[in-house]
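What follows is a group of structures, each given as structure tokens.
Two complexes come next, and they have one chain in common, chain A, joined by chain B in the first and chain C in the second.
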Partner chain A sequence: MMGAYRRETAVAFGIFVLGLLLVVTAPGFFTAANLNDLFLANLPVLIIALGMTLLIVTGEIDISIGSAFAVCGIAAGTLAKSGAPLGIVLLATAGLGAALGLVNGWLTSYVRVPSIVVTLATMIVLREGLRWITQGEWVHDLPADFQWLGFTQRSYPVVVAAVAAALLGTFAWASRYLVAARVMYATGSDPDAARLAGIDTRAVKLSAFVILGALTGLAALLNSARFNQIPANAGLGLEMKVIAATALGGTSITGGKGTIAGTALGVVFLGAIGPALTFLDVSAYWERAVQGAIILAAVAADALSGRAETYATHLLRDRA
Partner chain B sequence: MRPTSYATAHSFALVAALVIETALFSIVAPNFFTVGNFFEITRLSVELGLVAIAMTPILIAGGIDLSVGAMMGLSAVCFGVLSRQLDMPLAFALTGALLVGAAGGTLNALLISWLALPPLIVTLGSMALFRGIAEGMTTGAVTYTGFSESFLFLGQGYLWARVPAQLPLFLLVFAGYFFLLHRSAAGRALYAIGFSPASARYAGLPVKTRIALVYVLSGVVSSLAAIVYVAHLGQAKSDAGNGYELDAITAVVLGGTSVFGGRGRLPGTLLGLLVLSVLQNGLHLAALPSELAGVLTGALLVTTIIVDRVRAEEPPLLTEDIPVKNTQVAILCGAILAGAFIVAGTNVWLVRSITGVVATGERAAPARKLVVAMMPKAKGDPYFVSCRAGAEKAAKELGVDLIWDGPTGLDAAKQNELVENWITRKVDVIAVAVENRGAISSVLRKARSRGIRVLTWDADAEADARDFFVNQATSEQIGYALTDEAARLLGGSGDFAVITGALSAANQNEWIAFIKKRLAEKYPRLKLVTVRPSDDDRDKAFFEAQTILKVHPTVRLIMAISAPAVPGAGEAIRQAGTKLVQVIGLSLPSITRTYLKDGSVQTVILWDTHNLGYLTVQAASRVVANELQAGAASMDAGALGRVDVRGTEIILGPPLLITKTNVDQFDF
Partner chain C sequence: MPEPLLQAVAISKAFSGVRALRDVSFDLFAGEVHAIVGENGAGKSTLIKIMTGAVAPDSGTLVVGGRSVPRMDPALSRSLGIAAIYQQPSLFPHLTVAENLAFALEGVARWRRVNWSARRKRAAELLDRVGAALHPDRLVETLSMPEQQLLEIAKAVGGAARVLIMDEPTASLSEREVDRLFRLVERLRSDGLGLIYISHRLEEVQAIAGRVTVLRDGESVATRSRDGLSRSDLIQLMTGRELSDIFPKKAVTPGDVALELRDVSCRAAGIRNVSIALRRGEILGLAGLVGSGRTELAGTMYGLTPADAGEVLLDGRRVDITSPARAIALGIDYVPEDRRRHGVVLEMAIPANVTLASLHLVSRAGFIDRDAEHATASRYVDALRVKAASLDDPVESLSGGNQQKVALARALAANPTVLILDEPTQGVDVGSKSEIHALMQSLVERGLAILMISSELPEILGMSDRIAVMRGGTIAGVLSRAEATQQSLLALALGHA
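Right after this comes the complex of A and B.
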């Protein structure tokens, strides 16, 4: 098992270096207010990345979550405006997300269309369909208790932090000890072997899609609730942020390998790096280039440090 | 070994889709089934086609390259620098740009093949790196134009008066790739690698070099695509090729290449590309909403790929799999297309018949309805959505057929494409809210030379490229009004920050230039400390505003110059609970009302967007009726009464300063 958590360690080290640099040059980064804002801004990425990790572990992928995020946000707003109680809004939004995940999962598992094709299609269809229906119109005039979901600006971050921590803990625990999650690793490592071992791989993949969908709906609601109106173009590029964080955290795109802790570290690293560059006074025009270079450097350094091992897994991965 | 039966089955479904598309569009879309339009379609798909060709062997080898669009941006900028800034001869500039492409491709190749890193994460990183370098080099704003005629010929000219000049280049690259993939040992090796890298290695194939090869080539071909793009648009800017990676992958996958590697053929990619291009072109010509293209693309993707599952040579794993025949899939594709058309068609017909009835009720309808094609900069933007309402009101009053379509995000290339399609459709008037002056002027001149009347609104093209400009406010007026308002609120001195749209947005950059000019001329004690991007995303603007408050504690005012950025900044100020920092900007009353009222936003500068749309359609109808000619002092603008005309500019009136006290007067 030596080096099994190498990527996690590498990302943690990256975060440590970044943190050290900030402590020395821009201590303002570590104020409670900034960390609070940073947490809320990256909350959707974190919540969705939990589900994405499990889905990628099963060997599938979903790139439609950005569009689903926008659809769920608008749906939540429209429902809240119609006077539905917040509990119903919460259930309906998560349910809508789960239903969208169910469609992706059904087409992938049972119609057996590759997931990247299915979700590329639903990504386009949902985004364009939403634009067609809303014509770009935002949802305004939400009921007063929609913002902060009945909590206050002060208590809301505490509540969602508790929700996020609970989700993170549950997923991290389940992914190690719960059979329902272990079969996902089995499915992703070797679908044929998993099937022969009596695992219903199609149901496993379907459930991973549904879980991811429900989390996307939840994230859309928790994010919308920070504001008092909901834009129709939310979540553009969100899928890339989520997948980048998951992959950076060591989850293998080919399935079977990945940890929730690694994903959480990936989210922290990618979420912190943008604002960190602002605090370090890097020009906005060069920020994206520096970000790209740091990501490449991080994965390259990781690979160089354990080249032989990565190479072996790369060559031996199953392409069933 | 070649998976012929699978490939032919898939091609069959695509050809069927293509035939059905062509047949349907020939009926519903004016001038669709013409030789001229066929060549226009090929011209418009060359850049994307080049990228898609290069993507095919990468997917076959089991990889992916997300950095192609960003590589186009970087190559375009490098070409611009070499050719315009350093005034190098064309041959040097071309070589330089291609070398940049090769270097970028090599970086990907090194990381993916020698370090055995996952291609998805590597090219995600290099996508940010390439686009970032392009933005950094140009500060997002610099646009290179003024290329020589002989170079522009490559993108805009015709061979033998018919054939687009870039078509032979495309065919050459296609032939080269066809040979590599389907007629060479290296190509066979790619299939083997994609099918199983481990077995390929045990079979003694040079796995690493073969994988490296396709990524390096992808970089070079992306550069080539960038050069054609620059010649086509007549300008080089850091946003070239934005989003091409996804469009290219869509075409390749639709063409039957497996994303898991080991399967796919280049002719399939070509078919997939044609199906998509014909779909878009036909929908534009038929004036059906372009959102339909997205919905149909999604449906086609899933439907045609079912063939993949059905005809795959592996034995069905589960008994309940129902075998489906090619013909059934083809019929399914056809039925989906036809169904969508019927739905869309009835909608359009319904709307037209209703507006027709209203129009005849108010004034005698002309024998043949005037067709006005009006283009916003971006379709989903709330600002343009509210312009549309006014335009539709005028169209209803005048009995005009209004086509409203535009790019979904800011995209100069898409604007040109749409104008080309409208020329083919032979509309009577084209009215464009210009995203990029240099890029669109040549195609607008072409429209005028074909007898189409051209108006610009919201932002102008070059003066000889249009008949009239419906002028709501110049960039200078906007920049100055914003600066003056900031100075008034700050009492003439203090620090402020700007939150813009995308860093490469042409208009915002022009406003920023005038803001800086005004500062230098009039307000030496007012200081612009930072410009931050929001990418027209409310949530990002919110977070940027929060960060500005912390990083630049001296800032006393935030100027947000993109419609979603003002509510974003306003919410940040409200949540921070500070009274020290004020917010002004350019936005809509509807999304800023609550912030104006609670004092988180002080002033929104805007003009009446309803009236802008209304006036544009009014002007279009007057121009065609020859009731408005250059040199007139004013024009009759229906409900707006008489409106001033200066030279070839129709003046909407001064910008409005919207504040707490008057915001309720505006319903847009």
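Right after this comes the complex of A and C.
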């Protein structure tokens, strides 16, 4: 297959170069404490990006996940304070996220409003609704066993790393071997052809929204457990980080193409580039501009190579 | 003799080796309506495209107003006074009538202030000239099809067109609207325009054309004056061709009725009271002109636009086909006409395409068995002789004929009992074509029932056991293999039986 895993290779190479640069110029970057912080800060991005990859593969997008993340975080904290056991808090938070995804998915698939518009609206509704309900008040006085979810500050990163690795592995495997994933790729590549092959493309899109929602809830819970209070304004700009990492990892914004491995690499690269710039004494003001430029370069590379490839296949076909 | 407005001399054109026009000559005089008729694919649209500069001929010359035009392009053709009105209007739906006219007629001084009142006044004048009672401020999206057509004509008239080409202008018009259009055509003609009129409806051609040119297989077979030209003459001229292809069709004793439609209608698809029965071991050809409802009927049988009246029986049992998934589960499969857009998923590899409609057969509890999937794919790739460098190639990289075979493989992998093939060999090379025909024969020998939609009369005649002819969304008649001829089919399709 022509150019398979080209993007993944390119991003992995970028990470390698960045690492090399840091080893030489800023060895302080590689201290355990710094890496631990970096991992925990980017964990929500990674978990949500897994779901976002699937959703974008079906040809849709969800920009409300930042708001959903905040809502789920507050809900998790409130529930924990009311004395609910952790297992229930976990299920309820993921369930709430899934329900929010269901609403987005239903409006997109069955009411047929474009997903960018639907989730722009729910992004605002959830954010403002949360502000109105909480009056900006954070959730304080969390039960003692909520922080670190009953683990210690030392063991927690190990546990969540295992969870993240398990999720990553499951999603990477599922995207290749599950019928449910295959129909997502078909739906995103060519909705008409998928429909004619008997695929219920609306249900497929709906389920991608729900999976993303559940992962958003899970990420919100894991993130809340890091602190002893939960902010009402969490997740601002989270959707941009997630979508950027997904796009950088090679997922086609028009659907049908993308791998979990690429997304994971995209998360690592974008997560590392900001702090790396700080270590390299580049002004923090440049961080987002550099991130933006990288994403633009990645997407432009996609468009250009896509065009070149289409041209090449046309030539080949004419020869055949 | 006056000079012709437009002359095409010995035009030839081939598309990637397939001949579309050979040595076609055509002329048009001022004050004349000159009709072009021919079967689907006879070369009518190519000829128009050459006259409007959309397509360059391989050889031959265009002469406009006595001047030879060696290199025609759309802008030049417009400035020489050639305007074309296609079946699908080329208007901006979100702009007003006046704005649409202005786009076509006002200059390109980009920063000039718009003179709105002059623009409206001009629009009103033009609309009046073509007898269109349209307000200049109406949005084009609110116009009906005939109103949009009038606007197109106003555009042409306003652009000082001397040659007006109309491609199937009456396809979506009611009888009254047709009358109105004809009066307008007559007025334009007497104003000294030359009109080229393309239509499948021979009665219209006879009613308004002064001369008729008949195209067949890319060649001009005759240009005759209307006087003394009967419908049967025209049909004879349009079809008078030997069956040049050899079809592998053998008689198969038809079995039980597999699928039966009783009085099926679907308002959304424009299907009215269709009753047909499809037997196992039979190829039922579905003929008809473009727009007669063949593909729409297939869509209804496949659950894309479910029937809203009538009964569908599968093996004698009443069924509701509400979605393609349901149709596939019932054993009905469909290979659509536009394979690149609908038949295959271009970006996906061959195995994923082959098993797309039958994933349940290569998976257990939702897990795809990649080995089984590959085995299925390679079995069909071998059986249908799909030529691919590697099984893992995206279908995009295959030739048209091989893409079509993959689309067929996808349908066959779902083990259908009824197979609907929509233009199965359109745009397919000769070799793949006869392979597909041989495959169809072997499928009916195994007891499948095939419904084949085709615009190619030799294919319909050569491959079908029986032929149903559609006209206006319903079955105009069913002919047995013995009684079907090109003439009888075309007569049914045109409504002159």
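Remarks
In this text, the second predicted complex is superposed on the first by the 286 of 320 C-alpha atoms of A that agree within 3 Å, B and C clash if a C-alpha of one lies under 4 Å from a C-alpha of the other, contacts with A are read in each partner's own complex, and residues count from 1 in each chain.
Keep this in mind: a residue touches a chain if its C-beta (ideal position, glycine included) is under 8 Å from a C-beta of that chain, and two chains touch if they have at least 3 such contacts.
Computed from a prediction, not measured in an experiment: that's the story for all the values here.
Contacts of A:32 after superposition on the shared chain: neither chain B nor chain C is touched. Of the two partner chains, chain C is the only one that A:256 touches; chain B does not reach it. Contacts of A:144 after superposition on the shared chain: neither chain B nor chain C is touched. Of the two partner chains, chain B is the only one touched by A:228; chain C is not. Look at A:183: by the touch rule set out above, it reaches chain C but stays clear of chain B. After overlaying the two complexes on the shared chain, residue contacts for A:196 are found with chain C alone; chain B is out of touch.
Of the two partner chains, neither chain B nor chain C is touched by A:24.
Of the two partners chain B and chain C, more chain A residues are in touch with B. Comparing the two interfaces of chain A, the one with chain B and the one with chain C have residues 195, 310, 316-317 in common. The residues of chain B lying in touch with chain A in their complex are 62, 107, 111, 115-118, 120-122, 124-133, 135-136, 139-140, 195-198, 201, 246, 249-250, 253, 258-262, 289, 291-295, 297-299, 301-302, 305-306, 308-309, 317, 321, 379-382, 384-385, 388, 408, 503, 530-533, 535-539, 542-543, 546-547, 550-551, 564, 567, 571, 575, 590-591, 593-594.
Within the complex formed with chain B, the chain A residues making contact are 26, 28, 31, 33-34, 37, 41, 107, 111-114, 116-118, 120-122, 124-125, 127-129, 131-132, 135-138, 140, 153, 195, 223, 227-229, 231-234, 236, 240, 243-244, 247-248, 252-254, 275, 278-279, 281, 283-293, 295-296, 299-300, 303-304, 307, 310-311, 314-317, 319.
Interface residues of chain C, counted against chain A in their complex, comprise 16, 302, 304, 323-325, 327-329, 334, 336, 341-349, 352, 356-357, 359-360, 363, 366-368, 370, 387, 390, 392-394, 396-400, 402, 410, 414.
On chain A, the positions that touch chain C within their shared complex are 1, 177-180, 182-183, 185-186, 189-190, 192-200, 256-257, 310, 313, 316-318, 320.
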